[in-house]
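The two complexes that follow have chain A in common; it is paired with chain B in the first and with chain C in the second.
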Partner chain A sequence: MAHGTAAVAKLDSPRSPYVRRKTTRGNYELYSWVFMRASGVVLIVLIFGHLFVNLMVGDGVHAIDFGFVGGKWANPLWQVWDLLMLWLAMIHGTNGVRTIINDYATRDLTRGILKGLLLLAFAVVVVLGTLVIFTFDPCPPDAPAELLASFCTA
Partner chain B sequence: MTATLEAAAPTPAAGEIPSFTVTLRIRRFNPEVSEEATWQDFTVEAHGTDRILDALHKIKWDEDGSLTFRRSCAHGVCGSDAMRINGRNRLACKTLLKDVNPEKPITVEPIKGLPVVKDLVVDMEPFFASYREIMPFLITSGNEPSKERYQSPEDRAKFDDTTKCILCAACTSSCPVFWTDGQYFGPAAIVNAHRFIFDSRDEGGSQRLEILNDKEGVWRCRTTFNCTEACPRGIEVTKAIQEVKRAMITRAF
Partner chain C sequence: MPTAPAGTLYRGREGMWSWVAHRVTGVLIFFFLLVHVLDTALVRVSPEAYNAAIGTYQTPIMGLGEAGLVAAIVFHAFNGIRILLVDFWAKGPKYQKVMLWVVVGLFVVTMAGFLPRHLMNVFGGGH
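Right after this comes the complex of A and B.
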């Protein structure tokens, strides 16, 4: 018996048995897969709408200045539009990079560190972006009037 | 050691079939000698009708008996001799030398992603472990019918493609996702699950979908089509995986 176990232990290193980690079943990957497709379609509309309004309508790209952006973010429609674009793009992109990390990082530690950094970057951009969209003041005091949106009276 | 064949070769003129010399560059690995795998070149005389397997046989029988590879039926049915030939997974017994440019050395390696035991022989256990997990057998409930289980030709056609699998592992070992950490179920397991999921006589479909609805299941497929290109039986592997995905989505929503 003792002989047998010793032989097994000796064989262990070059031919260590295959271990599949315990099952990781669940609908998480299914929903993430569906989300990638759905958000992709919505993002096409959002991004091309954004590009069209910013670059094509009226004076096009030459009209973009502080006043233009301030005027857009004073409008609830553009607030929601940009918020949706920010969130969907960030979740879509982060999920995509997460997939790439899963595919290319071979060791669990590398994988964990990369995903941690990814999550951090995601959180910073999303929090900062959301904060800007909602707290943006289109009419800062003491600013020259010609730089501001037309509805600023002060 | 080599070049003993040159003297013997001209005598058996094999009819009209042209013969030529071909170099096989084989990935050698013997853990009892070295932990490192090395390339070794063998030059053999071959006929226009010869396959990679014939050249490997010539090497093993006439030049170097220590060359190790698997083959059983040698006619493309048993799926024993899948190997990486000129960088692509093929069956050595189905690949003609003349089709893989014999003017240059032909590289022959073990299939990737599975632990190499010796030379071209890999440990297939990870591959078969995934295969067993998807329960590749008929699951039914109730009493055995007294006659055959009826199936219409239309129902049979739904999974016809995936019945062709010979479990050679050419697809799974061509999958870049499988190479990463070997945890992905792999195309072959999904193909064999597909064969039962879409079988109208089988009642284990939802169990199998549940098993493959795993972090390492169908959702790791990136549709790179390596498996479809590698399959020596011409199974549309990626399509089968997508059909399993679709079945999961329609089940979930």
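Right after this comes the complex of A and C.
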């Protein structure tokens, strides 16, 4: 064992093998590249499903009102669906816009401000959207019954 | 930060224009999504507030806007798959042009399925 190690060490000196430069910034860009592709595939299913149910089935946009949302979010499937769609689309979109800011905003200050605003918008929308899905009450007590989903009066 | 690159290998033709379109549609969808989560949040205010906001989505002008949004998503989604194939399929780069025309074809077919139905909902009376 010790012998072998010594031999390798000897070979090292004249022509040391190629050693990859240690990255100094971590692998963030690599993970983000992979994430854009993986999330894209999932988003196709989520968004096409969302658009189909909300625009194509029945009366399309005309069917959407408070009662419609109440009916959908009474079903855990659509709660999870919308939650996943919210998070994946927001991370995907925010990361995409971050790339675009990096491409066009050449001044450090401008770039910093734009990315700060982007992060703020991301945080507000994701937190708000998540709270809305989980704190939603399909049958608010003081609302007129004709505006609510049918199961509220049953 | 370097300034604008002077001459790049990657200019003009299908490769660049599909990239521009992918970028523009991506940003468009992103800003729509910001507004969309805010308007959906009105369900936490009151049924009346939500219905008033969503009522503005049911006008003919917004109906056309929705058609544009769906078009943007359909292109971005199909071209996204093309990007995946260029990156992960060995023959992807060779067929990137052909695949763009496949994307355009699928786009036309999908929109031909969607538009009549949507426009009927928007313009065909409804409520």
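A few comments on the model shown:
Here is the rule we use: the second predicted complex is superposed on the first by the 127 of 154 C-alpha atoms of A that agree within 3 Å, B and C clash if a C-alpha of one lies under 4 Å from a C-alpha of the other, contacts with A are read in each partner's own complex, and residues count from 1 in each chain.
As a convention for this text, contacts are C-beta pairs under 8 Å (C-beta built on N, C-alpha and C of every residue); 3 or more make two chains touch, one makes a residue touch a chain.
What you see is a predicted model, and the numbers here were worked out from it, not measured in a lab.
Of the two partner chains placed by superposition, chain B and chain C are both touched by A:106. When the two structures are aligned on the shared chain, A:34 is found in touch with chain B, with no touch to chain C.
Of the two partner chains placed by the overlay, only chain C lies in contact with A:65; chain B stays clear of it.
Of the two partner chains placed around the shared chain by superposition, neither chain B nor chain C is touched by A:153.
Contacts of A:51 after superposition on the shared chain: chain C is touched, whereas chain B is not.
Shared-chain residue A:26: touches chain B; no touch with chain C.
When chain A is checked against chain B and against chain C, the one touching more of its residues turns out to be C. Counting contacts as defined above, chain A residues 106 meet chain B in one complex and chain C in the other. Across the interface of their complex, chain B is touched by residues 14-15, 17-18, 20-21, 23-30, 32-34, 102-106 of chain A.
Contacts from chain B toward chain A in the complex involve residues 31, 115, 117, 123, 125-126, 129-130, 133, 176-177, 180-183, 210-211, 213-217, 219-220, 222, 245, 248-249, 252. Against chain A, in their complex, chain C makes its touches with residues 1, 3, 23, 26-27, 29-30, 33-34, 37-38, 40-41, 43-44, 46-48, 50-51, 54, 57-58, 63, 66, 70, 73, 77, 80-81, 83-84, 87-88, 114, 117-118, 121-122, 126-127. Interface residues of chain A, counted against chain C in their complex, comprise 37, 40-41, 43-44, 47-48, 51, 55-56, 59-62, 64-67, 69, 86, 89-90, 93-94, 96-97, 100, 106-108, 121, 125, 128-129, 131-132, 135-136, 140, 143-144, 147-148.
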